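Consider the two complexes below, in which chain A is the common component and chain B and chain C are the respective partners.
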Partner chain A sequence: MSKIEIRSPLPGTFYRASSPDVPPFKADGDAVSSGDAIGLIEVMKTFQEVPAGVAGRNITFLVDNEEPVMAGQVIAEVEA
Partner chain B sequence: MTIRSILVANRGEIAVRIIRAARALGIRTVQVHSAADADMLAVKLADAAVDIGSPAPKKSYLNIAAVVDAAKAAGVDAVHPGYGFLSENADFADAVEAAGMIFIGPKGDAIRLLGDKVAARAVAAKAGVPTVPGSAGRLSTIEEARAVAERTGFPIMIKAAAGGGGRGIRIAADLADLERHFPQASAEALAAFGDGGLYLEKVITRARHVEVQILGDGQDFIHCFERECSLQRRRQKVWEEAPSFLLPADVRTRLCDSAVALARAVGYRGAGTVEYLYDEATREFYFIEVNTRIQVEHPVTEMITGIDLVEEMIRIAGGAPLSIRQADVAAEGHAIECRINAEDPARGFMPAPGTITRLVVPEGEGIRFDTMLYEGYTIPPFYDSLVGKLIVWAETREACFARLKGALEGLVIEGIPTTIPLHLALAADDSVRRGAFDTRFLEHWLETEFAARAGATAEVA
Partner chain C sequence: MAIKVLHHGLATTVQDLGRPGYFHLGIPVGGAMDRFAMRAANLLVGNDEGAAGLEAVFIGPKLEFTEDALVAVTGADMPAKVDGVAQPGWTAFKVKAGQTLTFDFLKSGARILIAVSGGIDVPEALGSRSTYPIGALGGHKGRPLAAGDELPVGKASLSGEGRTVPEALRRKPGLPAALRVVPGLYWHRLTEASQENFFADEWKVANEADRMGYRFKGGRKLDFVARDQPFGAGSDPSNIVDSCYPYGSIQVPGGTEPIILHRDAVSGGGYFMVGTIISADMDLIGQLQPHTPTRFVKVTMEEALAARKARQASLAQLREALA
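And then the complex of A and B:
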């Protein structure tokens, strides 16, 4: 089983959901396809979607909701 | 009491601005910062610095307990809130005063009163300040809303009493629209703000954003003339001027006097701004809101009046009476401020934090650059994209444009994209030079004139 990393395209603050009162884009263990959004990055008060960019199963998040991230930091992993 | 030390409860360029004003008054400064801001210029300039928490604003700059604790531990006499963050938070002002320190701004009660949109409208109307035609107060039923709309006409804005900053607004084009939107807007307001109260305001379709700088010491109240801030993108000001040069003299007098009347009606203490919409066709102006803090664009007022607004607000907070009388406030020449943001105008104004590799600041008569940048500084991604304000003054507006062009060309910021190209294009635009713009001008201009210009540049490249 190989793991594929999903990295943040931008530095900023990572959010699992589009707003605090809706479910996260992806729950732990979900399957993802390449075009799916897995979260948002807030950079200077604007929000950018983070696309999975890869397809895979059983997503594991390595960054908590509302945590700061660097550009290129691994946010999540999926199984190929 | 004389203020001998100040805690700066903000970041970025305004923190630098406050430190410079404090230093000019011989006041010691303590700068708070988040974990992401340990390298910021204000930390280097202040006499002391305190880390108050992790990068997220709500854990640091918006954390009332953390800021007040830092101020108490530092033993400062006063706290300056700057703009944004906790600057218009009445609970913060109260907490600072309850801890035995001075909040540099109005009392919590005044902030609370003027921050409530419906209450502020009522205060303005009572002081004789024209308000946007609409409801006299909160509306609870659709019948009341219908009666107001029939009097004012359409289109009309349905606003949440607890909203603000452009949030909680719906526009109804006709009666059917109003009847459909009203219950939804009330439910939304209740969900978003915990308060379903609504009020109505007629849409002023073609208007300029004009605002008056006020100063008060609780006894005396003066204005420092007006600013023109119509060039906005997504309700954020981009370019500001002082004075609003096309305003007829009699309108200017009425406008500025109305702001002073409002300040007097609430016994205002500190620096504040009364914002209006101005309809050039009818020569009518309408009150929008009061900002109970120093404003980003305060330097254009300083440039035409020679008054240091930040020093003055510190003196007032220390208990001194206004150092200037209204008769002494004179406006001379013209000033323009360009907000320099870490955004890429060629890519839809995408924010772009990063490291400054080269910085050249233009110098000369009438040129001022308020900034927190220095070579080697890395702008964190967690906060506003404003990195500096280029302010230019000259004897006439025409001369100001010439000086601005040179200053923009002389301002070099490398390492990140900035909005300097946008300002160069605005400074060269015929409509902007003639002052032929309203609050809707810039977004349309960006889609047409600026997009065409950017396309042409891309082809050449």
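And then the complex of A and C:
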């Protein structure tokens, strides 16, 4: 069993959900498929979805909601 | 020759060195946010410095070439790949017909400038090919690129592969970034304590940072000298009677978050300005990511002019190195 990293494609502020009053895209422990959104990055007055880009099980988030991230920073890990 | 846009990245626009001469009519000067990098990319592929290229912020586009071309990517450190093979930055490389140019994650900086031999041959608008999206002017149909677009490219010779910009000439912001400022006409509006705090505090680039303006957060709120607001100024102490906004001027609405007006900024309004970023440091702003710690450094007009001369000397060295 190996871990696969999901990295932020751009710098900004990371959000787990599409708005404060809805559940997060993914909860810790969820399975993800490649096209799934796992969060949003806010930058330049826009919100960009972060696609998982990989398929895997048991996602673990390494960045908190509303935390600043840099491009290439590992946001989450999944098990292959 | 054309380039097919397979993916647009985040916000990728056609840019050159801009359209000076219309700011008094409210049309901004526009052009590449990092002009030195734009010039360097063009010189690397044998273009005139003012040829049009692409500016991409944070995420690179995915581009397919229909004919052979010489390409250079300068500015931010965001590795280019041709059919998956990594290419060096600040260096001319070949892309063959049918190959695809993609980019890896951004490593440092914010914006890449992509030059293609022959230049992006969109029609000029008011003397420039730069895109001014909110004015729907210039570039490719007056807007950022979208998947499915085809960009015309001018004719060119393809000599110069491997040509590279010497490391010492590849300018990057420091950490914290230091931006030099000449205090402006409204400097007297601040209390002495706030005048000192503005330069003493460490600020951070906010998420609201784009081609129009760069916002900063984290420093102490600025306090204003009490006065009866003059006729024509709003009621907030940061308001003035409407004035021209110079390129590079720093307004601080409400005294809380400084905003540096950049290449696509408005030309006037009613916010007081602390001062103006010196021309020599404007390119650096285009390479700042959100959250980058930044200090404002007070300089005199003489120091600003000396810094401008130093930049002109660097440009002369660049031209010599790539001649």
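Assume the second predicted complex is superposed on the first by the 80 of 80 C-alpha atoms of A that agree within 3 Å, B and C clash if a C-alpha of one lies under 4 Å from a C-alpha of the other, contacts with A are read in each partner's own complex, and residues count from 1 in each chain.
One rule holds for everything that comes next: contacts are C-beta pairs under 8 Å (C-beta built on N, C-alpha and C of every residue); 3 or more make two chains touch, one makes a residue touch a chain.
Since we're looking at a predicted model, the values are computed, not measured.
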Looking at the overlay, what does A:53 touch: chain B (first), chain C (second), both, or neither? neither
Could you look at A:66 and tell me whether it touches chain B, chain C, both or neither (first, second, both, neither)? first
First, second, both or neither for A:13, with chain B first and chain C second: both
Go through the superposed model and pick first if A:24 touches only chain B, second if only chain C, both, or neither. neither
Taking the superposition as given, does A:44 touch the first partner, chain B, the second, chain C, both, or neither? both
Identify which of chain B and chain C touches the larger number of residues of chain A. C
Where on chain A do the contacts with chain B and the contacts with chain C coincide? 10-13, 42-46, 68
Tell me, which parts of chain A touch chain B in their complex? 10-13, 42-46, 66, 68
Residues on chain B engaged by chain A in the complex (per definition of touch): 36, 54-56, 342-343, 350-351, 353, 380-385
In the complex, go through chain C and note every residue touching chain A. 10-11, 57-59, 105-107, 110, 207-210, 289-291
Which residues of chain A touch chain C once you look at their complex with the stated criterion? 7, 9-13, 42-46, 48, 68, 70-72
